[in-house]
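Can you keep this structure in mind? I'll have questions shortly.
Labels A, B, C, D, E and F are assigned to the chains in the order they are written; within every chain, residues are numbered from 1.
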Amino acid sequence: MGNRVDEFNEFRSRMNKRILEVDNRPIKRFFSVDTLTYEPGALDVKTKEMLGLVASMVLRCDDCVSYHIIQCKEAGVTDTEMFDVFSVGLVVGGSIVIPHVRTAYSALKELREAAQS
Amino acid sequence: MGNRVDEFNEFRSRMNKRILEVDNRPIKRFFSVDTLTYEPGALDVKTKEMLGLVASMVLRCDDCVSYHIIQCKEAGVTDTEMFDVFSVGLVVGGSIVIPHVRTAYSALKELREAAQS
Amino acid sequence: MGNRVDEFNEFRSRMNKRILEVDNRPIKRFFSVDTLTYEPGALDVKTKEMLGLVASMVLRCDDCVSYHIIQCKEAGVTDTEMFDVFSVGLVVGGSIVIPHVRTAYSALKELREAAQS
Amino acid sequence: MGNRVDEFNEFRSRMNKRILEVDNRPIKRFFSVDTLTYEPGALDVKTKEMLGLVASMVLRCDDCVSYHIIQCKEAGVTDTEMFDVFSVGLVVGGSIVIPHVRTAYSALKELREAAQS
Amino acid sequence: MGNRVDEFNEFRSRMNKRILEVDNRPIKRFFSVDTLTYEPGALDVKTKEMLGLVASMVLRCDDCVSYHIIQCKEAGVTDTEMFDVFSVGLVVGGSIVIPHVRTAYSALKELREAAQS
Amino acid sequence: MGNRVDEFNEFRSRMNKRILEVDNRPIKRFFSVDTLTYEPGALDVKTKEMLGLVASMVLRCDDCVSYHIIQCKEAGVTDTEMFDVFSVGLVVGGSIVIPHVRTAYSALKELREAAQS
C-alpha cells in the first residue's frame, strides 16, 4: 500500500489502541458505537462508507477523509463513484472543501498505485 | 402532502425563483451546478440524495435536511434506510446533531401521514 | 417552570422517546453514550454540564444551549458562574456566538422567574 | 422600516443592553471590541460591513446576516453590490448557505419596501 | 517569491489541473463558477478577494487563507488593509481563528520579503 | 518539556508577539480580552481552562487543543479529569473529533514524559 496513507493508518491504529486502554467508559463506548454504525444494516457497507466520506469532506477533516477513502475502496467503491461523492461534498460544502478534494484525490491515487505495484 | 414540509417547500421554490431573476451570474450558475450534482452519474439519484442528506445533517441545516428528506423519499429511500443515514450523521457529527435528527424524524412522519391520507 | 423552555423540554422528551422506539441500534446506543457522558466521573456533574454548555454555545446550537442551561441550573451552577461559561464561549467562538448568548440569557431569566413564582 | 427586520433589531438591542448590565468584564469588553472593529480604519465602514456580512453568511447565522444587511444598507452598499457579496458567500460556503441567501434576500427586500413607503 | 507560499501555490495548481482532467461535470463546473465569482462585477476584484479572505479565515482553512492572501496582494490590498480584514475575521470567528491569523501573518511576511529580494 | 509541544509553544509566543506589534487596535484588544477571559472569576482558572479545552476540541482546532492542554496541566487538571473533558468533546462533537482526541492524547503524554525527565 502507498506510503503516506499507510503511515497515517498505522498512527491511527496505534493511537486509537492506546486511547481505548484508558479507563474512560464514555470514550470506549463511543468508539464501539462508531464501529457499529458502519456495519451492514438497511444500507450496505459500501453506501454507509460513502456517507461517512461525504460527511468527513463537508466537515473538512483530512484524517477522516483519508480513512473513509480507504474504507470505501475496500467496500468496492469505484473511482468514478468516488468522484461523484466528492462532487456532492464540494457543492454542499463550497470552495472551502477544495483542499480536501485535493487530499482525497491524492489518497485515491496512492491507493491505486499501491494496488498496481 | 404534510403541512409544514409543504409550506417550507413552497417558500423555498418561490424564493429561489426570485433569487434567480436577479442579474448575478455566479449565483445563477451555482444553482445550476447544484441541480446538476444530483442527476444520475456513476451513482444513482437515490445514493446521491442520501449523500446530500447526511451532509446537511452534519452541517446542521434544518432547511436542507427537510429538503433532502423529501428528495430521498421521492428517490425511493425507505424509512429504515433513512434511519441508517441518520445514524451516520449522528455518529460523525455528535450529539449536536440530535436536534436535526428530531427535525428529520418529524419531516419523515409528516410525509408518511400525507402519503396515507 | 417558564413557558418557552418548558415547551422545548416537553417537545424534546417526546421526540427523543419516539426516535428511541425506532429499531436502529447505533442511534439507540449513541443516546445511551450521551447520557453516560454526563454522569459523575473524575469530574462532577456540575463541571460536565458546564462543559456541555460551552460546547453547545461555540457550535451554535440553540436547542442544545437551552437544554444544558436547564441541566446546569439543576446541577447548582449559579448565574455568575453561568456568565463565566458564556464569556469563554463568546471569546472562543466570536461575535457569531452573540445570538446564542441572547438565547442563553433568555432561558436563564425564564428559569429564574419560574423559580420565584 | 420593514416589520420582521424591525422586530429583530428591537429584540437585539434590548437583549444586548441587558447582557451588558451583567457584571462580567470579558463579555462587556468583547462587545466593545466588536463595535470598535467596524469603525473606519485602513478600510472604510462600507467595506468592513461587507466583510462582516460575508463572514456571517458562511458561518450561517441568520441573525448576524440580518444585522449586517441593515448595517451594509446604511453604509451605502447597493443591491447589486449586495448580490456580489452573496455570491462570494455562496461559492465559498456551498449550497448549505442557500437558506441564508434566502434570508438575506428577504431582509433586503423588506428594507427596500420600507424605504419606499 | 517566498518559499512556503510558493510551494503551496505550485501544489495547488498541479492538483487542481489533475482534478479537472477527471470526467466529472459538477466538479468541473464548480471550479469554473469559483473562478467567475472573483471576476469584477458590481464590486471590484480587490473587494471580492478581501471577502474571500475573511470567509476563509472564519471557516478556518489555512490553504484558502494562503491562497486569498496571494490574490489580495496582487489585487493591491495593502498590509494595513489586510490587518483590518484579519480583525473582522478574528472578532466574528473568535479566538479559534488566532492560529489562522498566525498563518496569514506568516504568508504576508513571506510575500513582502520575496518582493524585496 | 517535550519537543513538539515545546516547539509549538515557542512558535505561538513569537508570532503572537509580532502580531501585537502591528498597529491594529481591534486585534490588540481582542488578544487582551482573550487573556482576561481565563483569569479567575466566579469560576476558577482550572474550570475555565477545561471550558477552553472542550470548546477547542469541538471546534476541531489542534493548535488550540495543544495550548489548552498545557494550560489545563498547569492549572492542576489531572489526567483522568482530562479524559472526562475529552469524552464530553467527543460525544458532543462526534467521530469527527477523534483525530483531535489523538492530538490531545499525544500532547498529554509528551507533557507527562517531560515532567518525569
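Here is the rule we go by: a residue touches a chain if its C-beta (ideal position, glycine included) is under 8 Å from a C-beta of that chain, and two chains touch if they have at least 3 such contacts.
If you're wondering where the values come from, they're calculated on a predicted model, not measured in any experiment.
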Third chains touching both chain F and chain B: A, C, D, E
Repeat of the E-F interface, chosen from B-F, A-D or A-F (over half of contact pairs identical by residue number): A-F
Homomeric contact chain C-chain E: same or different residue positions, threshold half: same
Turn needed to bring chain A onto chain F - CA fit, degrees, nearest 5: 120
Geometric centre distance via CA averages, chain C-chain B, whole Å: 27
Intercentroid distance (Cα basis), chain E paired with chain B, Å: 31
Residue numbers of chain F (touch at least two other chains): 24, 26, 30, 33-34, 37, 41, 55-56, 58-59, 64, 80, 83-84, 87, 90-93, 95-96
Contact graph of the chains (line, ring, star, complete, other): complete
List of chain B residues in touch with chain E within their complex: 24-26, 29-30, 32-33, 36-37, 41
List of chain E residues in touch with chain D within their complex: 33-34, 37-38, 41-43, 47-48, 50-52, 54-59, 64, 78, 80-81, 83-85, 87-89, 91-93
Interfacial residue positions of chain E with respect to chain F in the complex: 60, 80, 83-84, 86-87, 90-91, 95-96, 98-99, 101-102, 105-106
Of chain D, residues touching chain A in the complex: 58, 90-97
List of chain E residues in touch with chain A within their complex: 11-12, 15-16, 18-19, 22-24, 26-27, 30, 34, 55-56, 59, 61, 63-64
